[in-house]
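What follows is a pair of complexes built around subunit A, which joins subunit B in one and subunit C in the other.
Up next, the complex of A and B:
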């Protein structure tokens, strides 16, 4: 059951009504059983076992860590608890990758297959809630979070259905207290929650799914294209994945808001970032702040005596892990490493850059800012090639052919037209362009994320309802045929 | 000079800005240029100037200037 499915449109009102008519002290039971039902609807029984294992181990070790006063003991228990979580994640997600590569290596050495290759299993949600569990154990160990003694609330913190499949990765100090607050019907939350949900649905089914058709056509057969189609598909993918993932997040946040719960916003107009480092403060924020707090900072602090080089190594390791987290494949590893490399180079280049800008008197100018946004967007889009490509071979093929034949393509109007539309009909192109323009005007002209929705709510009723109707009709009429699953479900 | 004043001096030096006036409740958001990279330089400068060493756990739990200051005081105190 996914957010864009008919089942979910039945499930959500049903669980809300049960929740509404249940007294406060039992409400956690409604949300917890609803969350487990939601996760069980994936029809993978072992996933429930994994979820329960993570809940139980993290709950127990959280209590154990908090109960000890000796620093050494606390640390040991933290590592055991985090180790169990990591072992679960590796077992679920990385065994096929590890055994496959080990097999290749052993074959090269001994000339024959020695170890069996593990089959790929569905692990939807595991990377998200395992990371959340590790953040909880870290916070308890660092004594910035008390351990939770109520197993029910703790289990709900791990499994709350709006965020179980694809995040946001919530910190305990932000989500746990909200789950315990008595519920009171709040008209504003209800309205803005439903609106945010609809907005996310629009981004997903009208824009992302439509662009996906174009992107899939090219990347599904990367051999057949050179030049402009590859460039168009790569930029289209940059927009597709943003619409897909931020659309999902809007739907998660919108759902949670119906229950008066505010989840962390994952996006803040990332493609307006002026550096790759800033991009990561605006893209998948709950994940990048996890990396920052629990991986980058500890590594960087440990290597602080190496000054800039310490930060460089910490960056490379962090983004290598980030790549691996997204998927057990070399394409993701390279994608992550590329981001690490971008930032590492930026760290080393910074002193020179400062001087250069001063000399050229560029500091604080609009031109410089636009140039930086343009460069950042292109660096990020280039890295997406690895993220999207089906294999390393495909990725390198795309990159080497990116500009092949571009001159002739740009020279001939009919070829130009053909490569820009990539088989997408005039109608689909118009819908995509119009929806995208609508989205950009609304989202990117605001200072705060999702401010456009707040502003809309202050408008007079005839404007509000026209927009509501428009949005719903637009979704109903122009959803891309062939609904796609969310990109980030795979991670 | 008090520890807090010395700390203020180190901040001015590391962030290359003489106008910084520290307050205990200040965080990275209140000081221009205070990001994760300059934070390392700041910590290194503090450790050298005061001849102290922070533990990994301490470095990961400072929430603001006040926390940092308290920890420095405590370390200087225990050395006496």
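Up next, the complex of A and C:
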């Protein structure tokens, strides 16, 4: 059951009504059983066992850590708890990757296969709730968070259905207290929750799914294209993945808000970032702050004596892990490593950059800001090639042919037209272009993520209803024909 | 809560009302009614003596309107054996007892990939929602049922404009010329053959073969006489397939025909068509003139099996 499915449109009002008519002290049971039902709808029974394993192990180790006073013992228990979670994650997601690469290595040495390659299994959501579980254990160990004594609330914290499949990765001190709060019907939350959900749906089914058709066509047959189609598909993917993931997040946040729960917003107009480091403060925020708090900072602290080089190494390790977290493939590893490299170069180059801007008197100018946005967007888009390509070979083909034949393509109107449409009809192109232009205006005029929705809610009812009406009709009439899976479900 | 629910009901009513209104206007348009050639299935005649199923190669190869025999064309673009079977099952009571069922088989008929081309699959699959019961729809989903059957306006896409200004979508079936210049044929033929070869995906072979077998067995069970046919193509098309490929294909279809004791006629390299681009729409689909010529030829070739239409 996905957020953009008819089943979810039936599930959500049903669970809400049961929740609403249930007394406060039993409401967690409604949400927990709803969440388990939601996760079970993926029809992969072993995933329920994995979820239960993570819940139980994390709950027990959280209690054990909190019960000990000796630092050494606490640390040992933390590592066991985190290790169990990581073992589950590796077992679910990385075993095929590890065995496949090991097999290749052993084949090169001994000339024959020695170990069996583990089959790929569906692990939807596991990366997200395992990272959440580790953050909980860490917070309990660092005494930022008390261990949760009520298993039901703890299980709900791990499995709360709006965020179980694709995050946000919530911290215990933010989500747990909200789950325990008595519920009171809140008109504003209902309205803004539904509006946010609808807005997310628009991003997903009108823009992301439409661009996916173009991107899939090119990246699905990367061999057949050169020049402009590859450039168009790469930029289109940058927009597709943003609309897809931020659309999903809006739907998750909108759903949670119906229950008076505020989840962490994962995005803040990331393509307006003026550096790759800033991009990561605006993109998948719950994940990047997790990396920063639980990986980068501890690593940086350990290597503080190495000054800038300490930060550089910490960045490279952090983003190597970030790439691996996204998927068990070398394409993701290189994608992560590229981001680490961008930032490492920025760290080393910063003093020189400062001098250069000062000399050119560019500091604080709009031109410089636009240039930085442009450069960051291009660096990020370039890295997406590895993220989207189906193999390293495909990625290298795309990069090698990115500018091949570009001159001819730009020189002929008919070839240019053909290169730009890439299987989308005039209608689809017009809908995509109009919706995108609308989004770009909003991104530039908003001062924070989805600010336009807040502004809208302050408008008189007749304006609001007209906008709601057109938004819903736009979704109903102009959704892309082929519905696509959310990109981040794979992770 | 009451106020909220009231507003929600009112708003939902407004949206539903608008969609129902637009839908009722849309389903009356020519653009919708003639879409995908589905209209013909609402006027299937009785006592059909000869039918053909199949994909675009079948669609463009047979024209039974001349009246020499009481025939009907069940083909649709990209239709696979599964839906050939389902349509034959649905309309079998319209066929005479010993009717001839022509099953066109193209070089890539066994390699149709369904789920891999999500968008095309949904579109192609969607057209059957208005014709067949849910249990017969491949990968039935409530969402598609709503989109294609209950409120087709939700899948109208660019055909929405027909509500404002109705039009008849361009139909290549009425085309009597070749869309390519003579000089373009080698390149276009190569492109088409390469595309068809590139789409070949052996993982669908067995599934499609099973449906073909079911189709033949169903036809025989009903007392119909199935006949396998490969429709004419030009040398600019078939010339791009290796001898080995063509030999394997021919041997496969002949073995199926022998197993079921049914005839197989291969016109794909027929000298009367192979170098006559004026009979084709492109390099492997017949145009209106070619269709008439080929249908007459088929009626002659099958005269042994056919009863004259008196």
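The rule is short, and it goes like this: the second predicted complex is superposed on the first by the 489 of 491 C-alpha atoms of A that agree within 3 Å, B and C clash if a C-alpha of one lies under 4 Å from a C-alpha of the other, contacts with A are read in each partner's own complex, and residues count from 1 in each chain.
Rule of thumb we're sticking to: a residue touches a chain if its C-beta (ideal position, glycine included) is under 8 Å from a C-beta of that chain, and two chains touch if they have at least 3 such contacts.
Since we're looking at a predicted model, the values are computed, not measured.
Aligning the two structures on subunit A places subunit B and subunit C next to each other without any clash.
Angle at subunit A (Cα centre) between the Cα centres of subunit B and subunit C in the superposed arrangement: 170°, in steps of 10.
Once the two complexes are laid over each other on the shared chain, residue contacts for A:143 go to subunit B alone; subunit C is not touched. When the shared chain is aligned, subunit C comes close enough to touch A:187, but subunit B does not. Using the contact criterion defined above for the overlaid structures, shared-chain residue A:433 touches neither subunit B nor subunit C, since it reaches no partner.
Using the contact criterion defined above for the overlaid structures, shared-chain residue A:469 touches subunit C, although it does not reach subunit B.
Applying the stated contact rule after C-alpha superposition, one finds that A:362 touches neither subunit B nor subunit C.
Touched residues of subunit A, counted separately for subunit B and subunit C, are more numerous for C. In the superposed model, A:292 lies in contact with subunit B only, and not with subunit C. When the two complexes are laid on top of each other via chain A, the two nearest Cα atoms from subunit B and subunit C are 40 angstrom apart. Contacts from subunit C toward subunit A in the complex involve residues 1, 3-4, 11, 14-15, 18-19, 22, 118-123, 141-143, 146, 153-158, 160, 198. The touching residues of subunit A, when paired with subunit B in their complex, are 71, 142-144, 277, 292-293, 296-298, 300-302, 304-305, 307-308, 310-311, 347. Of all residues in subunit B, only 35-37, 40-41, 43-44, 56-57, 59-61 touch subunit A in the complex they form. Of all residues in subunit A, those touching subunit C in their complex are 5-7, 20, 185, 187, 190-191, 213, 221, 425-428, 465, 468-469, 472-473, 476-477, 479-484.
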